[in-house]
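The structures come next, written out as structure tokens.
Two complexes follow with chain A in common, the first pairing it with chain B and the second with chain C.
Coming up: the complex of A and B.
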């Protein structure tokens, strides 16, 4: 007899008659695991995070240290070449004689710092705005917040970010006792441009949830508006917000890199993938293919990773939604 | 007074309760309540000048079809009428205090502490992402300043009170892990958490099957006798009212058409609408009829109510006067009130 065409996993066979109940996280993981593509995205993201966190250990050299080119040659040197001092440039050197691999690792670190920082701030801002607007639907507060959101959304996010950087400046700013670093300011600028997306999602979910009976039940038992919004509704809005955050992560990474590329983000000599790309522009047609390829590939992979992860999270957090989008 | 003994109440004993025992046992006294919804299509007269009262230790049944104003009456008491609705006039006295004069903050404190309400759909009235314990805890946090440990003990005690087996374990369960009956018990536990004086049950068993329904009402009766609260039971199910209520108010299109002790209502319904309702219930002990009698016509839209008595277009006793003048709710016997011009002929 031939093997049955349905593959039976050993764990399925041992499963007792009563189906084991899965917790929420287990359920999400179970759904997520089945999707190869999003798993790949997850692996890429995890690797990027490892590189970012352990950049000082992983990078072969100091990202700002300049090495001399051997006699008769000049920077940028191609991959696997050696400097005058004898150090090996695994992925080549840049025009100042710095190790591209080390700079890319550190660039990965600054990029993820910037992106996660701005997503966190955007999340908080958007949740607050959308939550209040949704809960006070139809009131002037709702109108005011949502019109501001509309205005912000009418600009392409990069254009808005450039305008905001223009207004805030890129240097360090002293506000009272607080000293805002260049990176923190850039993070706030990006957060402001992305908060409307969160506000929209949050408002929509809050509207949906306030129509649920449990919100009425909470009112019946004497909860105030804030208590109900923060204690009852918020927990139910988390899944769509996580999806929004992970999908926006990709675009935030792009905006962060773009700002640096334009010279409006992180400032040299700080290692940044955007700045590296900008510097590589002059050598694009000069045969130094590795110069732009390395930071470009890093940015590409990080964005791809977050996109795949976001899609996978959406599918596994809300299976109904997934089926709808696949149809 | 237990509900079992209410079944053996004579008319006179019942009359004694409603008419003479008023005094400090009166929990709710609603007078001429008018709640309207100002929609784009017109004014919906959801509750149209109704008066009713509730005493401690009694169960008042409010019966009527969907849209007859039962739930709006309850929401008016809770102070939860939202735009475009408005309480236009009337008075709701809770132990002598005017609820309509209270600020939203004051009403928030009353809700859940003094007056609690259990919703009709136990499937959706619990927050799916919070455990049972957290949800009961929430009500305690709204209204008390008990320490965490004390609240924990109180939660288990409450779940025990509503006869949930293994309450200490159930505290950590999510709503989807409980059956419909269990969820309704949890909701009752939440409503009972601050020992309210008035408990409003809005179609508490509509979503449950008959056996569970019986259990829930048994529990509610136990709690009532134990804590002496007044219960308002809103339902469209006459059988439920017959078993659990002491006194019944029948609503039709936003108005109270009849008020009577439960036995009187079933033995001798006066209003033509009540008669129609009771006739349309299949009787097990009677010969099978060709067809159950039904009330002809449809419930009027609350926006375009007929002139005169709301029931007149469907009423077989209706005369010219019914088409033009509203019948007032008049007392016809101790504890009995009817709003019908033809009541004299109907009484006999």
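Coming up: the complex of A and C.
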């Protein structure tokens, strides 16, 4: 850039230029850090991930080990009570005398495994569909893919997930030569219901990007459609997709937990926060508040964390939009 | 108007048809023989032959679909296999839809009662303490799973405060309107809370948008007081974009009612689909999913049309394409 003819004091010029040269990541981090709510969301998510990854180290007991209740008492025992063997139930025990805190940690692990798996598959499916549709805008491929997306979006996601579980059946499923574990099957079911949302976002971004000069330049230098799509355009679609992924993580966690709660998701004895909440319903009238409160709070915090994080990321990546949508 | 209406209809019909193909295929993507799965231990040749004939499973796939669709268009959703053997699915659904739709309707009212005052106050007091508090409450409200909220309501009001009406169960409207509404209150709150938080967020940002418009500034400059600008211009205009969420809300509420009905033991459609999945009653599952998608598409279409009546720019935009 040429220097203006008029004599300008150096400090007037240098300060703004230095500010402008912040890289994308730095810029995002700078915006993100200012937003206290999204920072809180990030902290919650990181803590949930730590609990999930290190559940075997952090959990006081084996999540499926059953302890006996002391003489004259019966499970579920309230927080801070001890079993016959003398083990301390920090957050109480469940109906079989298992430690609720340990089960909640492991439940956090399975919930995040399931949600991350689902989002990854949904992301891949959606990016592929939306990328091709956007790049071949107006062609029959675009029309076909977007019709399918419209059709999928006409199902409420939980209803579609339940219908698919109903079709496949509960538990391990044999499809042709493949034997799908229950968890993998549920991940696919949830991924199917969420991939259209990714496809829509991806298509929109690709449309925006294909209008940019660098795509024309790549075309002129002889790149093939796939090369340009995968090599040039994809990089620029990552930020909006990450926002979408983070916001969708919240709803995916909710769908996964809802399915387990309804008895259609993960099956016992695998520790699952949704199943714990469902079991707790039978003990509400006995006053076993901790039985429901602990797993429910875990689910709530995980969803809240991803919602806050997603909101914050959206605002940091697109400050113009932020003014309109920030909450 | 006619052109717009026609265009919207032309988009809705193929979507509905496409959805019907997926719903029809549900029975066929099931691994193994669907008849054996449905009959389970009751599998005997006579019953089996009858069911195969009833479902048309001996026909080629496309003929099966056309037959199924033709019947569905005439209101024949097939016959329940395991839940109430021999009863038409439509009959099972109509009684239960009354409950589910009542729940959805009451949830919308609960949501509006919370969202409209909260959204308006929050926007008017932007960045003040009450705004921050209501935004944080709304964020928690969006994030709380309705099953957790429902269980906590039962625990606090039903168990700790000993209120029998708060523990779930259903009283038909015909028996007692008052008792029915009292029992529906907590389920409606459980289902409506997350929705109200969503509405509140929309309304707040929409109000802030309108308040920064030129005509509001002009009105201010003309010396019109804030209260009357808010009443006459801002709220009315801010509510227009919020109506669009109503279309999607019905899908959200019907999905959410599955969980809510389970917790509060309401014999609605949501409860029925869970029983259907559990007992492998495919015609019942298909009937429920088909009607939910139909309701959702019809509501969406009506909202879009209503929206284009309120805000003519939408209509002209679509016609000008």
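Keep this in mind: the second predicted complex is superposed on the first by the 296 of 327 C-alpha atoms of A that agree within 3 Å, B and C clash if a C-alpha of one lies under 4 Å from a C-alpha of the other, contacts with A are read in each partner's own complex, and residues count from 1 in each chain.
Simple rule for what comes next: a contact is a pair of C-beta atoms (placed from the backbone, for glycine too) under 8 Å apart; a residue touches a chain by one contact, two chains touch by 3 or more.
In this text the structure is predicted, and so the values were computed from the model without any measurement.
Please tell me, clash or fit, for chain B and chain C sharing chain A in the overlay.
By the criteria stated at the top, chain C and chain B fit after superposition, with no clash.
May I ask you to decide whether A:282 touches chain B, chain C, both, or neither, giving the answer as first, second, both or neither?
The answer is neither, since A:282 touches no partner chain.
A:262 contacts which: chain B (first), chain C (second), both, neither?
second
Compare chain B and chain C by how many residues of chain A each one touches, and report the one with more.
The partner that reaches more residues of chain A in the superposed model: C.
For A:219, decide between first (touching chain B), second (touching chain C), both and neither.
In the superposition, A:219 contacts chain B only.
Applying the document's definition of touch, where does A:84 land relative to chain B and chain C: first, second, both, or neither?
neither
Taking the superposition as given, does A:232 touch the first partner, chain B, the second, chain C, both, or neither?
A:232 contacts chain B only, not chain C.
Please work out whether A:26 is in contact with chain B alone, chain C alone, both, or neither, and reply first, second, both or neither.
Neither partner.
After superposing the two complexes, find the smallest distance in angstrom between C-alpha atoms of chain B and C-alpha atoms of chain C.
Comparing every C-alpha of chain B with every C-alpha of chain C, the smallest gap is 11 Å.
For chain A, what residues appear in both contact lists, the one with chain B and the one with chain C?
Common interface on chain A, chain B vs chain C: nothing in common.
Please give the residue numbers of chain A that touch chain C in the complex, ascending.
37, 147-148, 150-151, 154-160, 162-170, 173-175, 250, 254, 257-258, 261-264, 277, 280-281, 284-285, 287, 289, 292-293, 296, 299-300, 303-304, 307-308, 311, 324-327
Can you check the complex and tell me which residues of chain C touch chain A?
Its residues touching chain A are 11, 14-16, 18-19, 22-23, 26-27, 29-32, 37, 135-136, 138-140, 142-145, 147-148, 151-152, 154-155, 158-160, 167, 201, 204-205, 208-209, 251-252, 254-256, 258-259, 262-263, 273-274, 276-278, 280, 282, 285, 289, 292-293, 296-297.
Going by the contact rule set out above, which residues of chain B touch chain A in the complex?
Residues of chain B touching chain A: 78, 80, 83, 108-113, 116-117, 119, 121, 124-130, 138-139, 142-143, 177, 187, 190-191, 193.
Mind listing the chain A positions that touch chain B in their complex?
Going through chain A, the ones touching chain B are 21, 138, 212-214, 216-224, 227, 231-232, 235-236.
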